[in-house]
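First chain A sits with chain B, and in the next complex the same chain sits with chain C.
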Partner chain A sequence: MSRRSDLLLSIADDELILGWRNSEWTGIAPFLEEDVAFSSIAQNEIGHARALYELAAAELGTTADELAFDRRPDEYRCAPLVQLRRLEWARTIARHWLYETADEIRLAALKNSDDPEIAGIAAKMDREEAYHRMHAEMWVDRLLSSEDGRSRLSEAVDELWPYALGVLDDELRPELRRRAEERLGRKLPDVEPVSRGVNEAELVQLWEEMTIVRRSAPKGAQW
Partner chain B sequence: MIYEVFRQERKGQPFQHAGTVTAPDERFAEIYAREQYGRRQESAALWLAPRGAVSEIDDFPDEFDLKYRRVDGYSIKTRLREARERAGTLDMAPGAGGDG
Partner chain C sequence: MVTADEVWAALAEIPDPEIPVISLVDLGVIQDVEVEGSRVRIDFTPTFMGCPALEPMRRAMETRVEKLGAKADIRVVLDDSWSTDRITPEGREKLRLAGFAPPAPRPAGKLELVQIQNGVHRCPYCGSTDTKLENLFGPTPCRSIRYCNACRQPFEQFKTI
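Take a look at the complex of A and B:
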């Protein structure tokens, strides 16, 4: 597999799995407006995944659906951060914010890519991610504004920090640390990043659920 | 807090009431309203007002049945024409074929 396909699949898998995880809040988010907003964000992520899979599929001679659903769990390249199942609001917001911050750094780099298709898709994604960032920053400000919120966010960020570093390649990690520390107004621990490559056990459970319809349908079924 | 949301479909058009959002403060309200009333390119602009900013009107009771203060059912067209005839300005009226 080319470096280009590998890159496209890594990001597509991040967006698909995070979209899936975020959609686990649909119907049970803290209140109705948040439910609608967070579900919409989840749908956007899955839309980004589809666009990225289509680019990769054209190169690999396959289809977006086959890439999204027909690989084995150990073939997914998503960062462990998005695989974790954390159905707890402070952790969800912490992951959302850490991911969006990392994603902004990654997209800024990709927008300068020599490959016009990659630069184009990164620019399109970035325009939609602007809403996601606005939403994440609003929650971070809200949590930082009270003692209780600050300590819950802090605890969640500390837990997820090694995973957040793992979303990015080595050279982009210092920028993530700089932005996160500036935003939180404190140092974050020096830790070994949990990088992509080894998948969490939780991904297998998600995969079972995500692919159950596809696996139960005859090959070539039309949707 | 409940916020009333008004949306403008295209630039220059009047704002119309779209619905409400419930949110802890103005910033949350704006971000939720963007999602609920702007996500599908259906709005060029949104205008949010906290429900408390909406005034109810109850200080103009019509105790003496002053019908003439209401315009419903009051045909002004004929009276206006007569008044214009008297003033000699009929040919200047809109639609009369004059310059104005």
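Take a look at the complex of A and C:
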């Protein structure tokens, strides 16, 4: 597989799996506005995944659906950060904010790519991601504004920090640290990043659920 | 033989599948039409990437061009050349009449939350600017939810992207 396909699949898998995780709040978020917000963010992320899979599929001679649903769980290249199942609000917001911050750094690099298709798709994604970032920042403001919120966010960020570093390649990690520390107004621990490559057990559970229709109707289901 | 003008006119009759008051041409998603014999090349930029209306739009364009006796070759342009600034003045007016506040113009610099919260956003029902942001996200990827303090009506605001 080319470096290009590998890159496209890594980002597509991040967006697909995070989209899935976000959609787990549909119907059960703490209040209606957030139910709508996380459902809508999920839809955007899965839309991005589709476009990225299509680009990779054209090169690999396959289809976006086959890439999204017909690989084995160990073939997904997503960062462990997006694989974790944390149906708890502070961790949901911490992951959302850490991922969107990392994603902004990654998209800025991709927008400068020599590959016009990658640069174009990154620029288009970034327009939509701007709303995800505003939403995440709004929540960080809200949590930082009270003692209880601050301590819950802090605990969640500390737990997820090694995973957040793992979203990015080595050279982009210092920028993530700089932005996160500046926003939180404190140092974050020096830790070994949990990088992509080894998948979490939770991904297998997600995969079982995500691919069940596809596996039960391999020739395609009509709705 | 079909002309580019006839194709544009035909595309102007295709409604947006989710907001049928506005056409694909009003929406600004058709970038270019080129006719070569019986083939029509249409450069099409999707709005939001996760929008489920994209496939129906594509099929509608193919069917419409077929009715003109030609074959559509739709090239999907995936870059940031589409923005809500491409919605035509007619399209904006149609949105407003249907109860969707048209998108605010894109700022020259980075889009900030404070602009969405405190910028001038007019209620499509009563015209008041005394409105507030309820949710950045709404029932479809392209809309936010606002509330009008004057007529006490929630309304859908087309996002600026």
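Just so it is clear, the second predicted complex is superposed on the first by the 218 of 223 C-alpha atoms of A that agree within 3 Å, B and C clash if a C-alpha of one lies under 4 Å from a C-alpha of the other, contacts with A are read in each partner's own complex, and residues count from 1 in each chain.
Here is the rule we go by: a contact is a pair of C-beta atoms (placed from the backbone, for glycine too) under 8 Å apart; a residue touches a chain by one contact, two chains touch by 3 or more.
Note that the structure is a prediction, hence the values are computed from the model and not measured.
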Check your understanding: Should the pairing of chain B and chain C on chain A count as a clash or a fit in the superposition?
Key -> clash
Review point. Looking at the overlay, does A:50 come into contact with chain B only (first), chain C only (second), both, or neither?
Key: second
Check your understanding: Once the shared chain is lined up, is A:125 touching chain B (first), chain C (second), both, or neither of them?
Key -> second
Review point. So, does A:195 touch the first partner chain B, the second partner chain C, both, or neither?
Key: neither
Check your understanding: Now for A:138: first (chain B), second (chain C), both, or neither, which partner does it touch?
Key -> both
Review point. Regarding the shared-chain residue A:23, is it in contact with chain B (first), chain C (second), both, or neither?
Key: neither
Study note, to complete from the structure: Across chain A, the partner (chain B or chain C) reaching more residues is C
Review point. Who does A:113 touch here: chain B (first), chain C (second), both, or neither?
Key: neither
**Study point:** Touched partner set for A:40, first chain B, second chain C, both or neither
**Key:** both
Review point. Which region of chain C runs into chain B, 55-63, 73-81 or 127-135, after the two models are superposed?
Key: 127-135
Check your understanding: Just which bits of chain A does chain B share with chain C as contact spots?
Key -> 33, 36-37, 40, 131, 134-135, 138
Study note, to complete from the structure: Note: in the complex, chain B contacts chain A through residues 21-24, 27-28, 31-32, 34-36, 39
Study note, to complete from the structure: chain B partner, complex, touching residues on chain A are 31-34, 36-37, 40, 131, 134-135, 138, 141-142
Review point. Quick one: in the complex, what on chain A touches chain C?
Key: 33, 36-37, 39-41, 43-48, 50-51, 55, 116-117, 119-121, 123-128, 130-131, 134-135, 137-138
Review point. Which residues of chain C touch chain A in the complex?
Key: 48-51, 77-80, 82-83, 110-113, 116, 134-141, 145, 159, 161
